[in-house]
Structures are given as C-alpha cells and as structure tokens.
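Notes follow once the structure below has been shown.
Should a chain be cited, it is by its letter among A, B, C, D, E and F, assigned in written order, with residues numbered from 1 in that chain.
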Amino acid sequence: MLMVDWFMATTILLPALAGFVLFFVGQPAIRRLTVLALSVILIIASLLVLQNGPFTYSPRPLAGVAWNQLLVAGDAVLVALFFYFGWRARSGLIVGLVALQAALVAYLEFALAGVAADNAPLFYVDHLSIVMALVIGIVGSAIAVYALHYMDHHEQHLRVEPSRQPKFFFSVLLFLGAMNGLVFANSLPWLFFFWEVTTLCSFLLIGHDGTEEAQRNALRALWMNLVGGVAFAAGMILLETTAHTLAVAEIAAERQAGGALLGLAFLVVAGCTKAAQLPFQSWLLGAMVAPTPVSALLHSSTMVKAGVYLIIRLAPGFEGTLLSPLVATAGAYTFVTAAALAVSQSNAKRVLAYSTISNLGLIIACAGLNSALAISAAVLLIVFHAVSKGLLFLGVGAIEQYIGSRDIEAMEGLLRRVPLLTAVTMIGILTMLLPPFGVLVAKWAALEAAARVPLAMLLLVAGSALTVVFWTKWMGRMMSAAPSSQRLHVESLSPLFSIPLVGLAALAILLTAALGWVMSGLIGPAVSDWYPTVGLASGDNGLVSSVGAFPVWALLTVLAVLVVVALVASPVREKSVRAVYACGENLAESGDTDFRSIGDGTQAMSLGSYYYVGVLGESKINRWANPIAIALLVSLMGVAIL
Amino acid sequence: MTTGEQPTSALRPATIVPPAQAPARIENLERIPLADLLPRVRAMAAQGARLVTLTCVDMGGAFEVLYHFDLDLQLQHFSAQIPAGDKLPSITSEYLCAFLVENEIADLFGLQVEGLPVDYHNRLMLTEDSSDRPLLRER
Amino acid sequence: MNIITTARVKSPWILHFDTGSCNGCDIEILACLTPLYDVERFGMINVGNPKHADVLLVTGPANRRNARVLRNLYEQMPAPKVVIVIGTCGCSGGVFHNCYNMLGGIDKVIPVDVYVPGCAAKPEAIIDGVVLALQRLAERSESKPALAEALA
Amino acid sequence: MPNMLSNILGNIFARPATRAYPAVRRPPFSGARGHIVFDTKSCGFCGACSRRCPSAAIVINRTDKTLTFDPFRCIICEACVEVCPRKSIAVDSQYRAPAYVKTVEVHTLPAPPEEAPRAAG
Amino acid sequence: MITPSIALEILVTVFALVVAPLAGGLLFGIDRKLTARLQNRIGPPIVQPFYDFIKLWNKDQIFANRSQLIYVYVHLGAAMASLVLLVWQQDMLVILFTLALGGISLVLGGFSVRSPYSQIGSQRELLQMLAYEPMLVLAAVGFYLVTGSFLVAAVFARGTPLLFELPVIALSFVLVLGIKLRKSPFDIAAAGHAHQELVRGLLTEYSGRYLALIEMAHWYELLLVLGIISLFWANPLVVGFGLSLLLYFLVILIDNAVARLTWTSMLKITWSWGAGLSVLNLAAIYVLSYLGWIGG
Amino acid sequence: MSARTVIPFGPQHPVLPEPVQLRLTLEEERVVEAIPAIGYVHRGIEKAAELNEWVQNVFLVERICGICSFLHALCYCQGIETLLGVEPPPRARYLRVVWGELHRLHSHHLWLGLLADSFGFESLFMQFWRNREMIMDLLEMTAGNRVIVSTCTVGGTRRDIAQEQASEILRTLDKVQNELDKLLPVISNDYTVRSRTVGKGVLPKDKAIRLGAVGPVLRASGVAQDVRMIGYAAYGELGFTPVVEQAGDAHARLLVRMKETYQAIDLIRQALAHMPEGEIITRVRGNPRGRTISRVEQPRGEVVYYLAGNGTRNLERLRVRTPTFANVPALVQMLPGCELADVPVLVLSIDPCISCTER
C-alpha cells in the first residue's frame, strides 16, 4: 500500500528540494549523485503509484498553516518574479500581463474566495494522472541523466566559466516536481500554481545560455505563456462564478453549459498556449535555443503535454457541446499546418518542434472528438510521443555535439559516421513514422474516431500525408551513403548518454510490443474513468475498436521477420559492391561519388534535400495560417457563449 | 544470298569542265589589326549581326583567325592575324556564344584565348591521351 | 534449354552507348525499338541504365574521352552480359581510321562478343546480331563453367 | 488526350505495322548497297580502288598479286566500284551478316577468296 | 489447435500469396501487349514479365550498400502483408497503412544510396505518396460512412454495391492506379520506360534479384489496388473484378494518350480532381444520410 | 535554403541519344546552372579531311552525322564546286533538293518522336517513328541505303531518280502527310503536350540572334532566316518562304519543325514536278584552289563550311560549323531557372546533334 503522504512528498517536494540543494552546492560529483538518485526514486515512485492505483489526497496543514494560504503566498512569489523579469527586460507587455493576471487571481482568491470555499480534495490522482506520472518519472529521469553529460560538454564547448549548471539543474528538478504536482492536482488554483511554476522553469531554461537570442526567446515564451495564464485565471473565475466549483473532477463529471462552458473554452485556450498551438507556436520554436535536454524534457515530452493534459482532463465537461467539434477542428488544423511547416525546415530541432506542435494538435483534436476511442488515441499519443520525441531530441543533441551542427543537410550519411547515435535517432523517427508502432496505432484510432467529423477528418488525412514527407526525407538524409563494403565502426559513448538513449529506444519498441498491456493496464482505465467504454481493447492480433481492428503483433512480427530475412539473405561480398550510377563518369571504382566533368576535372557530387520553401516556407504559410488559427480560437469562445 | 543488280547510278558523266583559272576567294573579307578586333565586333553587335563562327588557320608561325558574321543572310568576315605565342582576346564580352569556339581553338591549335568566361583548359574536345594541338600543320 | 537460359534469352535488356559514332547506327538501333521492327517482340527493351542491362550495344569508333565511360558502363553491368558492336566504325574505326581522337575499334576498350558491320548497319542486321549474341549467351548459360567465369 | 486517343484506338483495330523479321524477310531493294564483292579474275591489281577507298579497307600487294579486303572496315560507299577500270568490283544488295570474329578476305589470282582470322585489333 | 476455419484461412492466404503475383505478372504482360498494340506494334509475349523476373533473379548480385537491400524485403513484405490483410477482410486503414509502410520502405531504399537519380526519385516518390495517400484514406472513410465500419468484412456483409454511393471515389482510383503503376501522366518518380530525366529514379541503383523482388512487390500491389477497387461491387465479387479491370485498362489507355506531367501538376490534379471530388462525394453521403435517404 | 545538388547529366543518360554531359547545379528541382562538357564524340574529322584526298572527303563529311549526312555532302560539294568553278547540271540540283528534303523529313520525324519521348509520350514517339519508316524506305529505294545515302558528289549526284521511283515517292508522301495530319492536333492542342512545352525555355528574338542561334530555334523566336532563302541548289527556282513562329518557347520550336515537315513534303513535290530531264553530273578535273564559305540549311539550321585548297589533292583546311554547335550557347542560357523535369525537353528542343557539333 502506498504511503500517500510520502509519495506526494517524494514526487513533488523532493525534486524541488533537491533542486534547491543543487543550486547552492556546485560540486559536479554531488550533482551527479543527486540527479541519479532522484531519477531512480522518481521511476520507482511512478511505478509504485501505477501498482497502487488512483487515490485522492488533501494534505494536512503544514505547521498550522493551511495549504491554501501557502498557495496564495506561492502565487504572490511567482507574480513578483514574473513582474521582476518583465520590468528588467523593460517589457510593458509582460508587466501588463502579469498585472492583469495578478488582478484576476487576486479577485479569484480574495473576492470570490475561490480557493478556500472548495472542500474537494486538493489532489485527485486517477489513471490519467498515473500515466502522466509515468511519463514524467521515466522519460523525465532519462532526460535528466542525459543532461548531466550533455551540460558538461555544452559548457566546455561554450567555455562557460564558472559553471552555471547549478542554476540549470535547479530549474530542471524544480520543473519535475511542479509537473508532478500539476498532474496530481484536483484543485484548479493549485493546478494553476504548478502551471505557472513550469512557465517559470521554461523561462529560466530557455534563457539559460544567456545569449541575446536566448533572452529574447525566453521573454517571448514568457509573455505567450502569460497570455495562457490570463486565460486560465479568467476561466477559473468563470467556472467559480457559474459552476461554483474549481475541482477538476467535479467540472469534468458533468456537461457544462453557459458561462461554465465559456470558462472551459478559456481553459482550452490556456492549454493551447502551453501546447504551443497555432498561433502560439513561435514560443516553442524559439525555445529550441535552449540546451537540447530542455527541449526534450520541457518542450516536447512533458511540459507542453500539460496543455493537452488539461484539455483531455476537462474534455468530458464539454462532451456533446458544440465546443467539442471546434476543439477537434482547431487541433486538427494545427496538426496539418505544423506538419506542413515541418517539411520546410532543415534545422533538425525545428523539425522536431513543429512535429511536436503537430502531434499536440492531434492530441487536442482527439480530445475534441471526445469519444472513448478518441481519448484512447490521445492518451496513447501522449505516451508514445513522449518516448519517441524525447529520444529524438536526445539523439539530435548528441549528434550536434558530435558533428557540430543540427542542420539536417549536415547529417548526410551520418549512419556511417556515428552509427549508434544515428541508429537510435532513426528508431525515434521510425517509431514516429511507421506502422505498427504506437504513434501510428494512435493515428489510426484518431482517424477512425474522426471519420464522423468531416473537417477534422480531412485535416487529419492531409496532415498524416505531410508527416510522412518530413520524417522520411530526414531519415533518408542520414542514411545516404556512398557505396562501401566496410563494416560500420560504432562510436563509443559515455554511459550517461548511451543508457538513456538506448533505454528510450528500447522502450519505444517494447511499448509497441506490449501494446496490449499498455492499453489494458494504462490507457484503458484512464479512459474508462471518464467514458462509458474504453474505445480500444486488445484482441487476438492487436487492438480492436468498435469500427476496426489493428493487428499490431502480426505486423510487428512480419516486420521483424523481414529484417532478419534481409540480413541473412544479403551477404555483402567485396566484389558485389559497385559505384553508383554516374552516367558513366565515376571517378573511383567505388567508395566515393566524385565524377568527371568540365575539362576532365574532378567534381564532387553534392546532393541537397528538398524543403519546398517556396510553397511551404514559414513566411508563406504563417501569413494565412495564424489569422485562421486566431479565428478558430475566437470561434471557440463564441460557440461557448451561444 | 541474293545477288543484286548493278546499281542504277549513272556513273559516266557527259560534260567535262576544266578547272577554274583564278583561285576562289571569300567575299566581304576584311583584314583588320588585332587591336581593332573588339571595336569592330562591338560595331557588328550593335548592328544586330549574328556571330556565325570563328575559323582558325595555322599559317606557320602565326595564326589567322576569321570572324564570320551574318546580317540578314549576308556574310561579313574579319580576318585578324596573331603571331604564335601571343594571346587572342576573347570576344565573349560582346558575343557570349563565342566561348565554345574559342575554347575549341585553344584546344585544337594551342592558341591561348584571354578572358574566357568558362575555361575548359584545353580539354574541351581533347583528353589526356589525345594528340596535342592536332590541327597545327606539320612542319 | 533450361528455364533460366530461356528467360535470359527471352529477356535481353539493352543498354545502348555511342562512343563517337555518326549517329547513323544509333538511329537504326532506335528504329529497331519502334513499330516496324519492334524488338520488344523478343523481350528487348532499352533500359538506359547499365545496372539493369544484359546486352551492351556500342556504336562508334571509341573516342578517347569516351573510352573510359564505356569501360565504366561495362563494369557496372552485372554478369552475365554480352557486348555487340553495331556498325563498321565500331568494328574497326571504318571511315574514321585516320582521325586523331579515335582508338579504332571497340574491342580495343572492352571485350566484344558480336560484330555487326554496315554503314549504317541495317535494323535487320542489328536483329541478326542480337540473335547471334543471345546464342552465345545461351551457350554460356547452359555450360556451368563458362557461366561461372562470366559471373566472376 | 482526345486527339491521341483516336490515333491509338485506331491502332488497336489496325494490323500492327511490325515487319515480322526474321520470320518474314523483305527482299532488298534493287540497287541496295549491301556488301562489296570482288571478281578477282578480271582484276589487274592496279590499286586504284585501294587509293580511292576512304576507309582503307583494301590493300593491294602488286608483287604477290593479292587484294586484301577488310569487310569490317568497308563502309560500302561504292567509290571503289566507280573507280575500278576493269569493273572487277560490284555491290551485292544483301547486307553482310554479323559475326563473332572479324575476318578479312584475301583475294589472290587465281585462287578463290578465303577468309582468314584477323589479328586482334 | 488448427480448427477447420483456421485451416481454411491459411489455405486462402497461401492461395492469395501464390496467385497474386502470377495474376499481377500476367496483367503486366497484358499491359505490355496492349500498349504495344495501341502503338501499332506486336509487343512481347504475355508471359514476358515472368521471363524478366527469372532472368533478373539469376543475374549476378551487385549493389551499392547493404542497407539498400533491407528495404527491398520490407517493401515486398509489406505489399504481401497488405494483400493478406485484404484477404482476411481486415481494417481498411490498416491495409493502407501497411501499403504505406512498403512505400516508405522503397523511398528509404532510394535514399540509402548516395546516388543523384535514386535520391531525386525518392523525393518524388514521396510526392507521389502525398498525391495518392489522401485519396486512398478518403476511400476508406467512404467505406466507413456507408458500412459503419472500417473492416472490409463489413463491405461484404452489405448487400448493395458501394459503387452507387461512392461513384466518384471509385473513379478516383484511376488516378491512384495510374500513380501506383507508374503510368503517364504521373510516372514522375520512376517511369516504367527508362527515357526519363531520372533514368529509373529510385530504382536506378537496384539491379538483378532486387529489381526482381521490387517487380514482384509491384505485382502484389497491383492486385491489392485492384482488390480494393473490386470492393466497390463486392456482391457478387466478379462484377467488382470486372470493374477493377475496366479501370486498369482505362489507366493503360490514358498512359498512351498523354505526356508525362510534372510533380506540381500531379499534386494539383490529384488534390483537386482526386481528393477534392472524393470529398464532395463524401459530403453528398453526409447530406443524404442526414436526410435519411441512405442508411449509413 | 537547402544545399545545392550538383550532378552529372550524361554522358550516358537514357534521355540523351548521344553522349554529352551537362553538369547541373540544382536547388531542389530548379536548375541554377548548366555547363556542358563535350568531347565524347570528337573524332578529328577536320584533320582527317586534310589527310584524305578531297574526293574521298565526301564520304567522310557524310559521316559527320548519319542523320543529316546528305546535306553535309551537299555543303561540301557545293564548296568544292565553287573552288573548282563548276556548275552541277540542273537535274542534279533538283535531285539534291529531293534528297535534301527527304533528309529534313526523316530528321524532323526522328526529332518529333524523340521530343515526345523526352516528355514521356511514348506512343507519340512510336507513331512518328512508324511514319518515318516510310521515308526511310524512300531513301533506301532511291539511294540504296537507309542511312547515309551517299548520292551527292562533286559536280552533281551519283544516282538518278527514275520516273516510277518519283511516283512512288509522291504516293508515299501522300501517306506521310495523311499521318502527319492525324498527329498535328496532338502536337498543337494536346493539354499535356502544351503543359510541358508552352512557356518553357523562352528565347526572345534579340537574345536568339545575340547567342548565335540558327535554324528552327532562331525561326521559333521570330527571325525569318533560312539559308535556303539564298537559293542554292534549286531552291531559288522553287520559291521559298521560311516557317516562323513568334513565341520563342519549346512549343514554338515544336511547331516550326512540325510545319517544316509539311514544307519539306511540298518542296519535294515541287522539285519532282519541275525537275528538268538531263544529265546528273558534271565531270570535273583538277584540284581546288583558293578558299570559300559554303552554307546549307540543315534540318537543325545553318551549316557553314570553310574550305581552303592549294591546288593539290589535299585540302589545306576544312572547317565545319554545324547548327548544333551554334545552338548550344542558347541552350545553356535557356536551362537556368527551369525544372529538372524540363531539362530533357529543353535539351531536345534545340534538336541537338552532338556528332555534328564535335566532328
């Protein structure tokens, strides 16, 4: 049996506390030990809660002070900090937003006494929270461990003196605690508090390197998230005044209408800012200046998931209202647009960022579709996307440290140069791209769920097609190799790199192999907590829905057999290897791809990939995409009022 | 194998014409000093003439380079002489299309051309094991 | 003939390469592919890629620069393969015998299996030449050691 | 598309234009330049043909009275036919058959022509 | 335990896996013959594809690198798997996903060699997928709207042919088939005939046995697409087969009546005429079922 | 922006009938630079022509190119005739027109097919080449050889065209024209053909002249220039107006050549109708002296021979500037900015003949 007090303390307070310690203790050895130990603890804790199952929890007052009063103090500290950052940067926008948010929160807390009045439990840990806790615990820990090595190298490379890693790990660990708090919270004001802490961490981490660009992008992330904060606060006020509750579980338990529905719409918008949905995508792209572990942890696998988590959480509350199809359309819209934008990017981290935005859009679309099947798809995506995308970011970060570039063009033939890193990165891509891996299973479920919502379905169809394009050409780039019969020479990696990388890669594949269990043990319950059915069940060969079936294992087996057959059936003999076709002008017999050209001279063959910037470039798409996105969000609100 | 009939050609001509007395010559051919070349070419370009081609002739110790122009099917020729070892100025600034024939002259005669936009370095037509400057007369 | 040999004989995919011909023989090869001669009747198609080809049709008297290209293409063809020279000038240099940039015949560059004389070689002669080459291919295919040699 | 459709659909119902060579052989046109034949009996070994031949396919040895003809060099231009004072050369309308090896014809007086393998190259 | 029904299933599967390439090869043979006749020539024997296959299989094996070869097997395997899924009357979307798996695999194979023509071919193949995938998925959605399920089994369970409700979508398969078969005007990634700027596009670096395997995958894919077309008239299935053959011949006819277009035209045409009209077809079904005129 | 792609296009490439390399620099599929590398067909004919006797050279220059061979011989013979001061008999001049235009006819058919092939219109290619065989039969019937007819010689022609042959020619030409009528709408109206050629590789008039373009390329850019206008052989007596198009794009070049096939048919009919009876050759004596320029309109445009003789059996210098040599610079200027898929179309749109270009 779980000792709930301890559990909550370890998952929320302990990381924060460890963060504070690391802030003041600069020794690398202690840092390493702390992070490693904490990772193990978080993983164990998340597994324990999985075994334990759902519970609710309201902490006893701490030394006589009610937690709600602590919350007010916490909010005040955050406001002060944000105000300070805004003032320091001379950003009227930020100062104004902070002021507005402070006013709204103060109104909620003091005039409406929204915090005090609730007697609902502060924390409500259901199956969905548990899924999130697992993601945070396992993927988050892997990334934190990876960061240990990464940041050493990073600071060496940038010649940072003295080390700023104490600050860095402070933010990272604080974030892990806040994230756990966020997914466990039942009380919206508490959720909001953790929400704002993650905003703070994100701000600090984006600006971590201290360059002008980093500062600028951090500020952009801050103000956009503050917009979300304002929407969040406004949503809470609306809910408090109309539905008279701020407990998530209660709000979700029944279909809301009128002002409460508008409140939900506000919260959905808040979720969209955190999930960097169009038109708020630019902060997430800017966040890519941060060291890569930050991108992996905050900006793909966990923090941005807070936005979609909130929407999924609340989805039962607007099931059957007009808000549902609109959320679905808005999400699907971001799904396709971000996928299109990803096609035009050659910066690997930006591709990953757009793909993240796109997938978050898909999750929101599923929340909007709001059926058991759709929600199953959404939760499946949260899990599989977190693993694969975390892996991809880590892979790209490591590759960048090896080749000094994150440009996809520079990754040509990487498979030969750094096979292990490339292979794990390719596993990341393959698990995002190919059936029957989890992401695709989720897409399949999403499409089947969407078939009744025409516009969303069309957007999903187009988006899926575009997704194939950018992943495949990136992967192609990394594989493109001149003829050679030489064996690959595997590079040696620090275990702090290889364990998280290989671990996540294995997890990405194993989770698909174990999809039946994932569905019945993790995702099914998370859905059936709130919906009458599960939507997806595991059948003989794979997953079965009410309208279709996906024989995951059959296909996985076929795939495995094919790869083995191919490897066995194609022995590479030295003399079988021929130069590529160069219209008869190969220079070397094999091994390189130079050719003879003008005046019998040697010409290096060069091959560029395609980005279709003329059609799909940011400047082309954003011109119409952002206005449409704004219109969609506005109509979201409008339809809630109707 | 079938044996065909004798070809139907009429091989035996009826009239016999004596050879012409004076050697034939090219009409509208003007000898110009090398220094005048570019201005004259520019003038042709200004008139809208089409550059037909260049012809290089090895005169032994010097080259004669003929510039052939066409204006409404009327030909106009300039002839410039250039001692072996000197460099021929390229006319590509006026007629870009001359780059091909100038490279060819450089290739086949070893006459260096100055100011080529694309220089094939004596490897336009010839290659490593080709004979060197094949169009020079054997002396 | 066993089935493999039959298939080889019935599916000669050709690569045509011109090493300095006058075009005369090339257009006759092309004519072979078109309705009046339609060599696709015999499974012949012009694949244009050495890696896909079984039969190399060469025209022209081996230009010096082009000789290396010819060698390269020949090497890129997977065995078993046959080479047919089309036209007098490819057989020996023909009318270009005293041109400085020519090596003479194709057999100075790569091994040749069949010579088709003619200037230009007529489509019928080209078809005859292919038939001859396929006979050789069949013989090699039937006799294991010869094939092993060809494959080596 | 419609324009071409009428063409190709017409073809479907027409007989293929293909000549069924080699099953069916068209007789050569009269006067076709197939290959060169020598009538050594009348030849005077004067060498006119050899001098005129643009591809040096004929070599005359006046001392041993041999005429060596390389059919794989001959471009069947008929120049030798025109120039031969004794009409010892004629053109056959059938083209020369392809071969695995290149051979040369050696004509002597009075023995009939024999085919000899050529030295490689 | 092998029950009679499982035994039957296995039998049917094996039958499909054996017959499909034979039928596919034969259809390609007929294609070549018909094309020849359209061009006023005799053309190769109908069994020509099999000669080609056997010959290719027995060529010397050459390649540029090993990863290139893995993708061939996955390509073929995916084509076979998707056909099996169709025979098992599985989920339409999964069938299409599996088909896409094979498609992506071939693209990756093209990319895996540092060769200009195969890489450009791969880039274009991606565009081709971008062109036909939406049409295929829309067709699956159409099946769903009419039958209420994505399972192929539901199509057979339904009495009336889908063609009545989905005529435009059925017709859009002319485009799909044209692209899949690498026929003009959309044979941009690897033209069936080599006279293209890309030599053989993404197939340039494959030869011998691997080319044979790709060819075989092509046969399976042909049968798969024809099978999907047949679903538009599933009861009795022969009519569906007839329909699919009709479209097949239509594609051959078009191939011979047009020039090759460029990728921009391809995307324009497939997304406007193909996907666009398919959407209208779907919209009509929405409206009609809303009005209660058709059950869905 | 993505990295540039630099690739060899040729020497061996399925869309190139002859070996030549274009080093293409691409940005994605857009061509930013195309530089030709040639010399894969260079034989050294100009030098060989100095080594041979001038009589033998007729057979050599014919083999500069098998497609336009008769007209090479014609240009050479007309040049030598000028040096020798010889006039060929009238009938020979008409015969030269007949064979010359038959060459243009087969060459244009050949090209129309190849162009169709370059944009993937296989069946159109097949139709043109099927029809071309009728012309090949005419050549074989009249000259004894399909390709390289060898009928032109210094002083006249080596063969005559008998009456029944002439009527066979006329009958066949009717058939050829009938077939052309069926394909003309495809060439001029077909949507796919137009979308691959209209607006592609536009060469404005002034640029065409400045770049030295000749033949159909020049005429498609609105310049009414055709060497036949100067009236060599019998053209002066037949009355000749060149075919001109204004657009300057690939489609205009297509139309010019398509219309020239009709023109060629018409000229052959006229020549056969007006052909005087009489001798076909003037016997010549002596050796050429002095120098001259000889020009002939080839299927691909103006060919220019510079001939210099010194009274011996060997020429002093023979220089050949062929139409493709003149059109290559225009091509090089046309390519940048086009799509990779247009490269074959544009390359073929100048009807390149590399064996002519390189000699």
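Rule of thumb we're sticking to: a contact is a pair of C-beta atoms (placed from the backbone, for glycine too) under 8 Å apart; a residue touches a chain by one contact, two chains touch by 3 or more.
Just so it is clear, the model here is predicted, and its values are computed rather than measured.
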item	value
Graph distance between chain A and chain C, where chains that touch are linked	1
Central chain (distance from its CA mean to the mean of all protein CA atoms)	E
Label of the chain whose CA centroid is most distant from the centroid of chain B	A
Centre-to-centre distance between chain F and chain B (centres being mean Cα positions), rounded to whole Å	20
Distance between chain centroids, defined by C-alpha means - chain B, chain C (Å)	37
Centroid distance [mean C-alpha coordinates] between chain E and chain D, Å	52
Separation of mean Cα positions, chain F and chain A [Å, integer]	65
Chain D residues counted as touching two or more neighbouring chains	1, 4, 8, 16-18, 31-33, 54-55, 75-78, 82, 91, 93
Multi-chain contact residues (two or more partners), chain A	578-579, 581-582, 584-585, 598-600, 605, 607, 609-610
Two or more partner chains touched - positions in chain B	7-9, 11, 118, 120, 123-127, 134
Touching residues on chain D, where the partner in the complex is chain C	16-19, 21-22, 25, 54-56, 70-77, 95-102, 120-121
Touching residues (chain side chain A, partner chain F) in the complex	346, 409, 582-585, 595, 597-599, 603-613
Touching residues on chain F, where the partner in the complex is chain C	11-15, 17-19, 39-45, 47-48, 51-52, 59-60, 63-67, 69, 110, 113, 125-126, 129-130, 132-133, 136, 145-148, 353, 355
Chain E residues touching chain A - in the complex, by the definition given at the top	60-67, 69-70, 72-74, 77-78, 81, 85, 90-94, 97-98, 100-101, 104, 107-108, 110-119, 122-123, 126-127, 129-130, 133-134, 137-138, 141, 144-145, 148-151, 199, 204-205, 279, 282-283, 286
Residue ranges of chain A in contact with chain E within the complex	412-413, 415, 433-436, 440, 444, 447-448, 451, 454, 457-458, 461-462, 464-466, 468-469, 472-473, 475-477, 479-485, 547-551, 554-555, 558-559, 561-563, 565-567, 569-570, 572, 576-582, 590, 593, 605, 607, 609-610
